[in-house]
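Order of writing sets the chain letters: A, B, C and D. Residues in each chain are counted from 1.
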């Protein structure tokens, strides 16, 4: 079909042109003597995106799932007790991994559409006087339901209980797009991937680790409690300290990463967060104008990177997504697992701007109407664009 | 700024991804023994896009302006009388070139917003019993005003008068996007460029020539009436007949051209014309919904590749274009020459689809409101998307 | 520096232009409804390269090291006895991984410069009447020393002993470049990576598995003996069977993979093997002409993908490699571990041809002379090119 | 065939990777308000490459042939007397163009293998007391024979005669590769193209003009002696002065040009000239080692960008070129016109380095032997690489 296939899935996200240019490269030798001067800048600048002021970051040739696994196997051992919560497909999968890795998982199930239950976490941590809980897990942004959780509140619970548990955060669809502060929030292991806020193709898993977690990992190594090689901190640290990797890194993506980090630096993290909030708010105004509701139960849970919209009763949300793809060349996200057929998702993260979102909202309107939802043509996109317009005026006013 | 800078100028147009891929190439030797097997397919398939069943096409490393010049210098001589009409910046520039090349130009000036005056042409041709008029020039699609002319009517006038004048057509912004039939309409010299319906970067001028024009050119060569080398038919024919070029061709663009011709073949010319009409009609519905008018005076002049919209009284159209670019990353076309400050132009040709146009219309709405035009948010894009939606249903119904 | 930096490391290898073109793509949605029609062809065609007629292949977003780990953790459990051999840095690393994954490794250390000791393996297998050995590991091509082993001989030993142990093969630097026949040789788990014979950037690990190994993996899953998620066969099989992946795949590399598999199909595996042999033989003739020796102890160990050349006594091989890179823009491989400073390596695998190898050999000559090795200028490259020339004549004669 | 097809034709030349990256771009609007800030840097930096300190440069979407034509039609008129010389296919073609454009050409034919006859020019200029000669033409580097001429000597002749004729120089295959000094040498119109020393794909013609020539052009405009539009200085100047172009420029190539000019700046013109001389000298040593001779009659004519080598008696040079292409994937240049079948050409200009040239020389040796020329394998490439090696040592010594 003619024209771009536009991506409004919550990852992979659109790859900026300068990143594409940087990846259009002949092969290179990752053992070249000048390679470390390249890799060192990457480690430094990824840490900035995580706002990790100490500790270090790991770059795995993997998806974010690999980084999840690395976080667990390097700092925890089978039998360790951990506190987790489940409220969407991705928090579910993390629980599943933790259980399969042999952890003793205390799962708090909360309603889909809400997020990490910081109060319940605080209670359990306060009650755990013997510090049996070794780690607390939080899905910062649940991509399946469009819900963002309050990590600072979880940290407050840990601090209030003076609990030494490690704080794990899945930031796959938040880091680089939504405010995230590893050091300020005392996050010990923060996971992300290349294909969301980092605006790269998939293929790199990022794991940003606090000094405390590195120390724990060192002990684990001594005790040899968990089997691992590919995702081993120890091997990575030894090689990364020389500017190299313990096995062949994904060199093409690393060159793209350099360009992406430069873009992030140039726009500025705070401006990026503001842009994501602005774009997301427009989408939310469109949803309201259509008379529809988000999966997120309250505004405080609203995600600035993805909106999961509830289809009206009697309408299969999959049909809406299918229609958008087949008739109008736009990829939306389907509902997953418990919300399959009930929600459709609009990703609005990464290298994206107002006209792109307006185009997507237009297609959503067409698809909704095609599927029998009575929305007024132009109502949603009109609400969004008016929000963008007023926001742009404020930006200009502020600059002046 | 984040996100694509979207192009809604009436050329250059968006380059399809497969064309970009094809142009991402190492350099090659255009004198290689297997090069002719590549170039021959190009000549054949460009002719198909012009619907030129006999004669031949020339590919110049130039813009469309170069192809204009080639058409003139190879078939006419200083002093030759030609019939032209002027109703926009591009028809104006062609008249200017003809005069500077020493032709004796009979210019018919008609109102901007109308097109080639086929009736006046018919009268003049009928009156020219001595056949002093050597050529008749038509701008098929005036890019400055969004006006498409009726070439078949001009041919009818020539035929009615049994007049032997050559028929020159500027198809820069029509060929490959709007119905064009060189052989059926008896067009002798049809000019186009790479950066519009051919969906390539600028850099190639195409000239599609009838057998009659080739014969005239041969005589001209003998008589050596006009000085030319670079744009010489004779040199080109001699080299092209062997599969090569008389000087170094733009090899990278030629590889892109191959991919673009394949895309055109795949979608089918008639489907392409239908898509352009559908997208254009949506834009026109948006213009109506905004309460604005096109520069084109009557529906029969409406162009399916570009819409020139009149700004309301008291509003500088340049400000609208500036706002769209600076605040929303969208490139629109400004008004040129006589209509500078009075119209803004939305290009909707080439590799383009519904969500792209809806995004552009959204930005136009934002920019109009920013500039003080009272349009209802969502009104225009809503009208367009409803048109696209209904059109898509018809397509499905037809296919079923 | 001007001009290509030419890669003659034994991986990553040069990426063919059509593969680069295919990877120059906008992002795509790996959950699109038509994605399975794309992935199914990949699985089918990778299996062809491994000559795996039954079983299945896995594609991990990882390096080959990840595929090693997957092979082990899905079919073996801590405490399982395995038979391995060590004769270079990569066979060493595999032993190290096996030990760290808790296997009970029976390591046969043989001289570096030789390969898998098939006779010793046969003896041990014959002696293992109780079938305590669960798996036999072979490094098909030891990249560190330029040694290729005889996998068919190992299979013969297993068959002679009627031993049911699984046969693991590291084919990272052999599959797709040197004759490899998974089904014929009864290989159960064959590992490779994207950046060698598959001619892609690094980032994909391939694991080709026999039906027998899949059955074993299923049991292991039941018994839950080993912790794994990212590299789990079970998760992969469930998702791959629907044409998708259990987590985000490296979509850009997968598009490159499609182009690379098409190239392999087009040239033909047997022709590819012949080309690698021809190019390697030229390099070996150059080494002889220089009066130098390979690390490989006998011709039967010679690798057709990489030649490790012994520096003369008193010369640090690292200096030769450094000189080639800094003065002449050519990347060679250094000696690793035991042979550090003693050998330099010339990779001659992947998308490569005669003039590229001759350029590399010319640089080796310059670097050797720069480092004080008395070789006659032109002697090595002359010997190689004469070999290539005669080989080319034979090809022509054969074709005629 | 596997591996790069290596280009050793004297243009198009290899495109540097950063230039390829820069051209891998989505389409852009060449009327955008910020476009002039981009184009102004181009004009400034192209002038630096020509070492044109005053005057201005023009960038045409054309080949170098177009720039030739522009130079003539803007400053001369039919009937004007000009002094030219002919000693190869490209100087021949320029004479042909001048004659066809109606100039009164005084052609000095000299032996192919020699260059511009500066003494004869000086005599004719001295004899032309009435200044009937309006312009003197020099082909700086005759690409067909590998001959470089002495432009400073021609200038000296003009100065000695106090002759006001314009000095035209064809620098297509010299500018950016061989020492060229427009202002110092008083060159009025210097022509080049994108696909040689500028390291771009073909598609741009460059014309660098002195203030004197601009003044002459202005007069010509007034007098309207020559018909031109596409190549008109006047139109270009009017548009360029605002940062735009009179018709759609080849925007993709212009982005590549930016990257190429940055590369040239980075390496430094003098270093570039030295590299070309070094590489060329190695080729010449190879030719000597083979017992062959250059087409250039004396060392003073030797070109540093292309070597035309005479095939031994009885050997068809076309066969050598054909063999290199078909058997070894290397493109050499054939002999053209008078020297067809007699010479083959090795281009050694642009983005090129030692291992690339050594690879090419290796292929030449193979092809020579395949065609029955008795050269010792390794003799030529050995001579060249020893030259490169010693030159590299000198560079290091100088830097120390």
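Please note the rule applied: contacts are C-beta pairs under 8 Å (C-beta built on N, C-alpha and C of every residue); 3 or more make two chains touch, one makes a residue touch a chain.
Since the structure is predicted, the reported quantities are computational estimates derived from the model, not experimental observations.
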Query = Which chain's centre, taken as the mean of its Cα atoms, is farthest from the centre of subunit D?
reply = A
Task = Calculate how many whole Å lie between the centre of subunit C and the centre of subunit D, each centre taken as the average of the chain's C-alpha atoms.
result = 46
Task = Express in whole angstrom the distance between the two chain centres, defined as the mean CA positions of subunit A and subunit C.
result = 35
Request  = Please set out, as single numbers or ranges, the residues of subunit A touching at least two other chains.
outcome  = 4, 14, 17, 20, 24, 26
Ask   = Viewed as a graph of touching chains, is the assembly arranged as a line, ring, star, complete set, or other?
value = complete
Remark   = Note: in the complex, subunit A contacts subunit B through residues 1-4, 6, 14, 16-17, 24, 267, 272, 275, 327-330, 351-356, 358-360, 362-363, 365-366, 369-370, 376-386, 388-389, 392-393, 396
In the complex, subunit A residues that touch subunit C = 4-5, 7, 9, 11-15, 20, 23-24, 26-33, 61-66, 69, 73, 78, 96-97, 100-102, 193, 195, 201-203, 226-231, 246-253, 322, 325-326, 331, 333-334
Inquiry  = Per the contact definition, I'd like the list of subunit D residues that touch subunit A in the complex.
reply    = 17, 20-22, 24-26
